[in-house]
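Two complexes follow with subunit A in common, the first pairing it with subunit B and the second with subunit C.
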Partner chain A sequence: DALLGCHRSYRSRPTHGIGKFKYLLPKELPKKRKEKVRMKEIDAGTEYQYGDVNIQMTSHDLCLVEHFAQYVHRLCNRLSIRVNESYAMPTKTNEVLFMEERGSKMQLDAVLTTHQRVIQVRGLSSTFAPILLEIIQSSQPEGVHLLMKEHTEADFKSRLKARPELEELLAEMS
Partner chain B sequence: SAAAPRPWKLFGAMCLVRLPQITQPLEKVEEEMAALMQQIELEKSHYSDHEIRKLQEEEQLKKKKESLYDEDEARGKTVIMAQDLEEKWEQKFLQFKAAPRITDADKSNDRTSLNRKLDSNLMLLVKQKIGNQELWLLPQVEWQPGETLRSTAERAMATFLGDHIQAKVLGNAPYGIYKYKFPRAIRTENNLGAKVFFFKAFLQSSDLSQAELKADYQWVTKKELGDYLKSEYLKKVNRFLLD
Partner chain C sequence: LMLCYFSSCSSWLPQRVPLRGSHWQSSLLELRTSLPVRAQPKKKKKVDVRKEQAQKERMKKKLKKLEKAAPELIPIEDFITPIKYSDSNRVRSLPTLSAEESERRVLLLKKWSLFKQKQDEAEKNAIKCLVESQQEALKELRLESEELYEAAIRRDEGLFPFQRDGPSYTPPLPGYDPPEGKCVDITKVYTQ
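And then the complex of A and B:
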C-alpha cells in the first residue's frame, strides 16, 4: 500500500546509515572541571631553565597596558619562547578624595582604575632571561609598572574566586 | 699529574647601568602617527558622562534665557555646574609644573653626575692602571680562586663605589668576554694574557652619596664610550649593550 510504503534501509542494504555525519566531526572529550595547578619547574645545575615566569604589567591606562601586553606576547613569539597563558587580572577601582582646607572645605573625587595583564612564559634559559628583561625594560612605556617573577601557587589561586558556600559546607561536614 | 696552571689571568668586570628615567623624544613619524590616531579616536568615540552633563546644562541655560520665567528657577538648585568643574580642573592643571627634561645639559657635560641624559642608559667607567698604562675601563678586579666570577664583579663594584650600592646583578652568566695577550716583555710561560668577563647590573637607587674611592670615574652613554675605550675593547663591550 502507498500508506504503508516506507523507505527504511535495513542493515543489509548498501544505503544503511546514509545520513550519519557525527563520525566526521572531531571528537569531544567530556569536560573536566578541575584545573591542574602545578606544572614542572626545571632548575638544573649549570643549564638553568626557569620554570614558569610571570610578567605582570600594571597601569592606570587601559589601552597602553593592553598594547604593551600584545607587544610582549608578539616579541616572545618571534623569539620562539613558549607562552603558556596570557590573561588579565580583574581591575581595581580606587576613589581618590581631595580634602582642600583652604577656604571652604571641598571634596574633589577622582576615580582611578588599575589594570593588570599577565603573560606566563616557560622555558627561559638563564643566559637569555636577563636579555629579555632588558629588552622589555627599555621598551617600557610611561606609566606602566613591570614585574617579573616566578609562578607560584598563590598566583594561581589569586585568579580563582573564593566559594564561601562550599567552605561552609566543608566546615559543617568536618 | 697536577692540574697545569692556566696561563690566563682572569678578571671580573662590572658594567653598572643606570636605566633611563624618561622616555626618549618621539621621532617625527611617530609624532604624526600619534596625532592622527588621537584624532581618529576622538571622532569615533562617544560622549562621556561629564560631556553629556555639560551639554544638558547648556541646553537648560539656553531655555532659561529664552523663556525667562521658567519653573525650574523655583526649585533653587544648588548644583555645581559641569562648566565650573572644568574651570577648576584647568586651574589646577596650570598650577602643576613638570620637572625639566634637560637637567644637565645646563651643567655643561658634567660627566660625573648621574642626572645627565635622563633618557638613555648611563654606564660607569673608571680609570684603572694596567701594566704601565692608565686606561679608562669598566671597573674590574682580578679573580681569586674559590669565588664565583659574579662575586668578583660585585667586589669590583664595591671597591670603586663603596659597599652600599643598590644594584641588581642580572644572572650568574657573564655577558661578554675580552681577552688580550700581554706584551712580549711581560709574557712568561705561565702568564700569557688576561681574560676579562663582563657582568651587567642595574642601578636601583639614583643617589650615590657615599664617597667614591677613586676620583676618576664617569657616567657615559653608549655613543660616548668610543671616546674613552680602546677599539678592540669597545667592540666586545658594544656587543652586549642595548641602546
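And then the complex of A and C:
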C-alpha cells in the first residue's frame, strides 16, 4: 500500500518504472457498441444523374447469384461507379406441390429456395447507365433474373423484421 | 277535474315512466335525470376516467419502450452454416496425383486464365468502343442542334425499373401440358 501510495518516480535511477506491467498485456480495444440500423438518406439524383439505383439479382442457384453479384460489384469498382451497399435479401423458400395424375392428393415435388442479392449504386450518369445495363445483360448467367430499379424506403423496410406488437399498439392509439 | 287530468296523463305517458308518485319528480316529461344523483353512479364515472387514463399511460409507456428498441435486420439463412456440417470430424483424404495429372491440371489452369484474360480484355474494349461512339454521336448531335443535345443528355425516366430474365439452357417445349399444382411459401417469418 505504501508502495502504491508514493508517487515519486526516480527517473535517474535504474529502478524507474518498476512495477509497470500494462505495456506487456495485449491492447484492449474499446467496447464496440451495437450500431443502430438506420436508413441512409436516399439520393434523388439530378437531371443528368440517377440517384440511388438498386441492381437486384434473383435466382434459385445460390453460388451462381453470389458470383454474379461479385462480378457486378467488381465491374462497378473498375468503372469507378460508387457502390453504396452490397447486401443480400432474406431467402425465400417455396414448396412446389403437384397433383397426381390418378388421384386427388397433392404430392410434394420439390423445395425451392430463392436467393436475392442487391447492389446499390449512386451517381450513374445518364449517358453511361444504358452502357452499364448492356454490359450486365450480356454477361447475365442462366436462371438469374435481373431487376434494376430506384431505391425507395419500402425497399429498405422490407429488410427489417416485422414488429406486430408495435403496429398493434399504433393501431389502438389512433 | 284533477282526477280526469291524472287518468289522461297516465294513458299518454309511456308505461315505463312511473307516475308522479314521488315528490322528487319535478315534471312528468323528464325522466329520472331530475332525481338527486346518489353517490354510486358518480363513483363509476370517476373510476372509469381514471382507469382509462391509466390505461392510456401504460400504452404510451409500452409504445415508447418498443420504439426505443432499434429495428433489426432479418437474418439471412444463406450465411448461417447449418450445425450438421460443423459437428462431424471426418476428413476426406484425397488421392495423390501423378506427375502427368498435375502437369495436365497446371496447363489447363494456364489455358483457362488466358481464356478469361482474353474475355475480360474483349469486355473492356467493348465498353471503350461503346463510350467512344456515344461521345462522338453526342458531339455530332451538338453540332446539329443544341436542343436535341440537351434532351439527349437528360436522364431517361423510362429506363428504370428494368427487368430481364436470364437466358435458359433449353427453350420451353411447345405443346407441353404441365400437371396441376401450387406453390406454397414456407419462408420463416421473423418478428421482433
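One rule holds for everything that comes next: the second predicted complex is superposed on the first by the 114 of 174 C-alpha atoms of A that agree within 3 Å, B and C clash if a C-alpha of one lies under 4 Å from a C-alpha of the other, contacts with A are read in each partner's own complex, and residues count from 1 in each chain.
Methods note: a contact is a pair of C-beta atoms (placed from the backbone, for glycine too) under 8 Å apart; a residue touches a chain by one contact, two chains touch by 3 or more.
Keep in mind it's a predicted model, so treat the numbers as computed, not measured.
Trainee: Taking the superposition on A as described, I'd like to know which of subunit B and subunit C A:M99 touches: first, second, both or neither.
Mentor: Second partner only, subunit C.
Trainee: On the A-aligned overlay, A:K161 touches which partner chain: subunit B = first, subunit C = second, or both, or neither?
Mentor: Second partner only, subunit C.
Trainee: Counting only touches as set out at the top, which of subunit B and subunit C does A:T152 meet: first, second, both, neither?
Mentor: Neither: A:T152 stays clear of subunit B and subunit C.
Trainee: What is the contact status of A:Q70 with respect to subunit B (first) and subunit C (second): first, second, both, or neither?
Mentor: In the superposition, A:Q70 contacts neither subunit B nor subunit C.
Trainee: Would you sort A:L62 into first (subunit B), second (subunit C), both or neither based on which partner it touches?
Mentor: Second partner only.
Trainee: A:T91 in the overlay: touching subunit B, subunit C, both, or neither? Say first, second, both or neither.
Mentor: second
Trainee: With both complexes superposed on chain A, which partner does A:L133 reach: first (subunit B), second (subunit C), both or neither?
Mentor: both
Trainee: Which partner, subunit B or subunit C, touches the larger number of subunit A residues?
Mentor: Residues of subunit A touched, subunit B against subunit C: more for C.
Trainee: Check whether A:E172 is in contact with subunit B, with subunit C, with both or with neither, and answer first, second, both or neither.
Mentor: Only subunit C is touched by A:E172; subunit B is not.
Trainee: Between subunit B and subunit C, which residues of subunit A are contacted by each of them?
Mentor: On subunit A, the overlap between the subunit B and subunit C contacts is residues 48, 126-127, 129-130, 133-135, 137, 141-142.
Trainee: Considering the complex alone, what residue numbers of subunit B touch subunit A?
Mentor: That would be residues 19-20, 23, 88, 121, 170-173, 200, 242-243 of subunit B.
Trainee: Looking at the complex, which residues from subunit A come into contact with subunit C?
Mentor: By the definition above, subunit A touches subunit C via 34, 36-37, 45, 47-50, 53, 59, 62, 79, 88-101, 106, 109, 111, 115, 126-131, 133-135, 137, 139-150, 159-166, 169-170, 172-173.
Trainee: Under the definition above, what is the set of subunit C residues touching subunit A in their complex?
Mentor: Against subunit A, subunit C makes touches at 59-60, 62-63, 66-67, 70-79, 123, 126-127, 130-131, 134, 138, 153-156, 159-169, 179-192.
Trainee: Taking the complex as given, what residues does subunit A use to touch subunit B?
Mentor: Residues in contact with subunit B: 48, 108, 126-127, 129-130, 133-135, 137-138, 141-142.
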